[in-house]
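Lettered A, B and C in written order, each chain numbered from 1.
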Amino acid sequence: MTAIEEATPIQHVSPRRRLTDLVVRVLVYLAFAIAVVPLVAVLWMVISNGLARFDIEFLTHSMRNIGARDAGGGAYHAILGTLEQVALSSLISVPIGLLTAIYLVEYGRGTRLARSISFFVDVMTGVPSVVAGLFILAFWILALGMPFSGFAGALALSILMMPTVVRAAEEMLRLVPADLREAAYALGVPKWRTILKVVLPTALTGIVTGVMLAIARVAGETAPLLLTVFFTDSINEDPFNGPQMGLPLYVFDQAARPTDTAIDRAWAGALTLILIVMLLNLAARLIAWWRSPARSR
Amino acid sequence: MTAPTSTRAGGPAASRSAPGRTRGEGAFRYLATGAGILVLVIMAAIAVFLVVEAVPALRANEGDFLTEVIWDPNGSHTFGIAALAFGTVLSSLLALVMAVPVAVGVALFISHYAPRRLAAALGYVIDLLAAVPSVVYGLWGIVFLVPFITGPEGFLNEYFGWIPLFAGESVAGRSMFTASVILAVMILPIIAAISREVFLQVPKSHEEAALALGATRWEMIRMAVLPFGRPGVISAAMLGLGRAMGETIAVALILPATFGISFQILTAQGNSIAANIANGFGEATPIGRGALIASGLVLFAITMVMNMAARLVVARRKEYSGAGA
Amino acid sequence: MSKQITVSGLDAYYGSHKAIEDVSMTIEPRSVTAFIGPSGCGKSTFLRTLNRMHEVIPGARVEGKVLLDGVDLYGSGVEPVSVRRSIGMVFQRPNPFPTMSIYENVAAGLRLNRRMPRSQTDEVVEESLRGANLWNEVKDRLNKPGAGLSGGQQQRLCIARAIAVKPQVLLMDEPCSALDPISTLAIEDLITKLKQEYTIVIVTHNMQQAARISDRTAFFNLAAQGQPGKVIEMDVTTRMFTSPSEKATEDYITGRFG
């Protein structure tokens, strides 16, 4: 047996190398297992614990007149608040973000201004959400003397949303082939109409995907709301006047209360929040997926 | 020189004389430029207003803001960032130490070990998990992790107590260790997602060069994948570190909000800048608010330095690969 | 150092697509064997089956036998890793490791197998770079990145890296297609020199190149797009280029298609 092996022209891989390869393989699989266990555990606990209070009352009632130890109550005021705040922040950040991206791609290319804007968009991406909240607190509420309100929260959220929108839109606009623009120019279409009628529609689905992912991200932010929207247990439909509630804030508030009924409400709130965020994510990905075969055709 | 600039920057409308068209072009152009400048204005405003609102509180401070450990702006007007900044940096670094090796493993699993179909699906799952709001992790932490973790903590304390980090009289669920674990779980998906992207970008030709030399899979990864991906992984780790430092709610729910500087991560102590803002904001006096804003300014500065460092690493890598191409 | 390769009845697939069909041939030691044929005829695929690089691509597989001095490369118990160690490969585009210096590039394969003292590594690196006709050009900048060299130098660096592990066979997949004529000439001179020691198999699009450097030539072709590629004819190069026995070979060589 050994004689045959000696005669063979192919040397075998040494046991040490084979062992190293195996050890690394095991470690990589293990890393994956270690990562997936807590992540899946979080989701599982949210679903299993959240279903206990995820009912009609929860979705249609506020926390008004519900004491700390009382059962019942709901998150209607928080859901309403979150939807209003996120809608307002999208209304603020999407036009600004989109226009900034258009400037960066179509007008400012290579200029000093574009480079510094691009740099600060990146810096803005890294602004901690609590700092965005503090800024609106310092600027809007303390310096300008405006009240705590859903709108103040929307302002803070739009600071977090803006850089994400800029980056997503920028990437998509860059993917639009130059030929398309030149074809429009050759027909005598002015540049701004080319951008509005040719470039933007081409990049639209990609931009929508990016915007939805950005919305999903800010919908779950708690810290900025804490500093700008404050708390309330009642329904406040007017985002421009007086404290509101937000769903993440609701979860934080209930989780910090030491009773089981409050913790149950916190789980149900977390489930609602995750459902909203995941639906936004899935919708964004469906749009992206639906677009991709069309693009390759 | 003139011809290419005019088509690129001005477009054909610039040379057209019809006044309506030029006006539309001009207006749109100013609108886009204005939006871009607004971004700069906002960034400047963040710095300016945080400073403006922090200064009165800093003036009223009886202690040294940078070195004072106590945080009592509402009562004795004595507060300092030392304990909070220490807690922020320590918990984030610990989270990074735990998250990076696992995240790199996950990224390698998806890019080079898992079967291709499975890998695409797992990539989606990781992306979705990155979107789970932090308050949900906080809730999970306080309900499940805080009671559960005293077991592993007790083990570390008993057998590795000779390491200063794991020393202490008694272990507690609400500890820096628990906060770090939560932070690690939270930043893991983002680090894994970015690392996976760079690992997938490794040119096939480099991988084949290694394999053709008779490298095993691990040797190929060590030779071609890791050196190529290293700057990407480093910048991903820095981004993760920035996120961990700014993370507020999950940490606020878990840490016991004590003030002090101690490396005993298993004991019932710990705080962070962001958690202190969330916990202290409700009862803050005007001086208290100013003090919290001052601490936010410090957090802003630290995370900005982290992000710029991450950008520098990426930029240097671009130069390197530019020379190679 | 140099071995004979015998291939019999070899089919290669990408998933369900059959890329080459029923290839049988003998590749002689200490000689240069060239594969020519139109694009997409499977000659590169076939080359990659010779050191089991083909199966790196997901879904790719092989049926048939490849014997290296009588040992079946696809036999049970033979690992692809050890096959590739014995049969080196040079690719179409020069692919030195971008993060490594010239020295480290050449030593990359050596370091996989056993730790050797620095002086011995130095020796092998010098020997390999000399073998690849590159030593004089790079001896003063061994610690500079390999990516800083010109395309032709990079390709010779890749050849040095491949011969540093002392393989039995050297496979070259269109090694000059990305190079200028002067670099091409340098590589061709090198190939002629290397065949004293190695069994060399080269895929080329350039028929003059095949005529200049190879001892034997195999012509690959496929019946139609989507059909598997086959060996139409294999013969001593001089005979192949002067009096091919197949009409298709003659048409291809005289430039009537491909």
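In this text, a contact is a pair of C-beta atoms (placed from the backbone, for glycine too) under 8 Å apart; a residue touches a chain by one contact, two chains touch by 3 or more.
All of these numbers come straight from a predicted model, not from anything done at the bench.
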Think of each chain as a node with edges to the chains it touches; is that a line, ring, star, complete or other? complete
Looking only at C-beta pairs that count as contacts, which pair of chains has more of them, A-C or B-C? B-C
Let me have the rounded angstrom distance from the C-alpha centre of chain A over to the C-alpha centre of chain B, please. 15
What is the distance in Å between the mean C-alpha positions of chain B and chain C? 47
Could you list the positions in chain C whose residues touch two or more of the other chains? 81-83, 85-86, 112-113
Going by residue number, chain A touches two or more other chains at 13, 17
Got the chain B residues that touch at least 2 other chains? 216, 219
Interface with chain C, chain B side, in the complex: residues 116, 203, 205-216, 219, 223-224, 227-228, 230, 320-321, 323-324
Mind pulling up the chain C residues that touch chain B in the complex? 51, 53, 56, 58, 81-86, 88-89, 91, 93, 95-100, 108-109, 112-113, 145, 147-148, 158, 161-162, 165
In their complex, what parts of chain C are in touch with chain A? 3, 68-69, 71, 73, 78-79, 81-83, 85-86, 112-114, 168
Which part of chain A faces chain C closely enough to touch in the complex? 8-14, 17
Residues of chain B that touch chain A when the two form their complex: 7-14, 16, 21, 24-25, 28-29, 31-40, 42-43, 45-46, 49-50, 52-53, 101-106, 108-109, 113-114, 122, 124, 127-129, 131-140, 142-144, 185, 188-189, 192, 216-219, 221, 239, 242-243, 245-249, 252-253, 274, 277-278, 281, 289, 292-293, 296, 299-300, 303-304, 306-308, 311
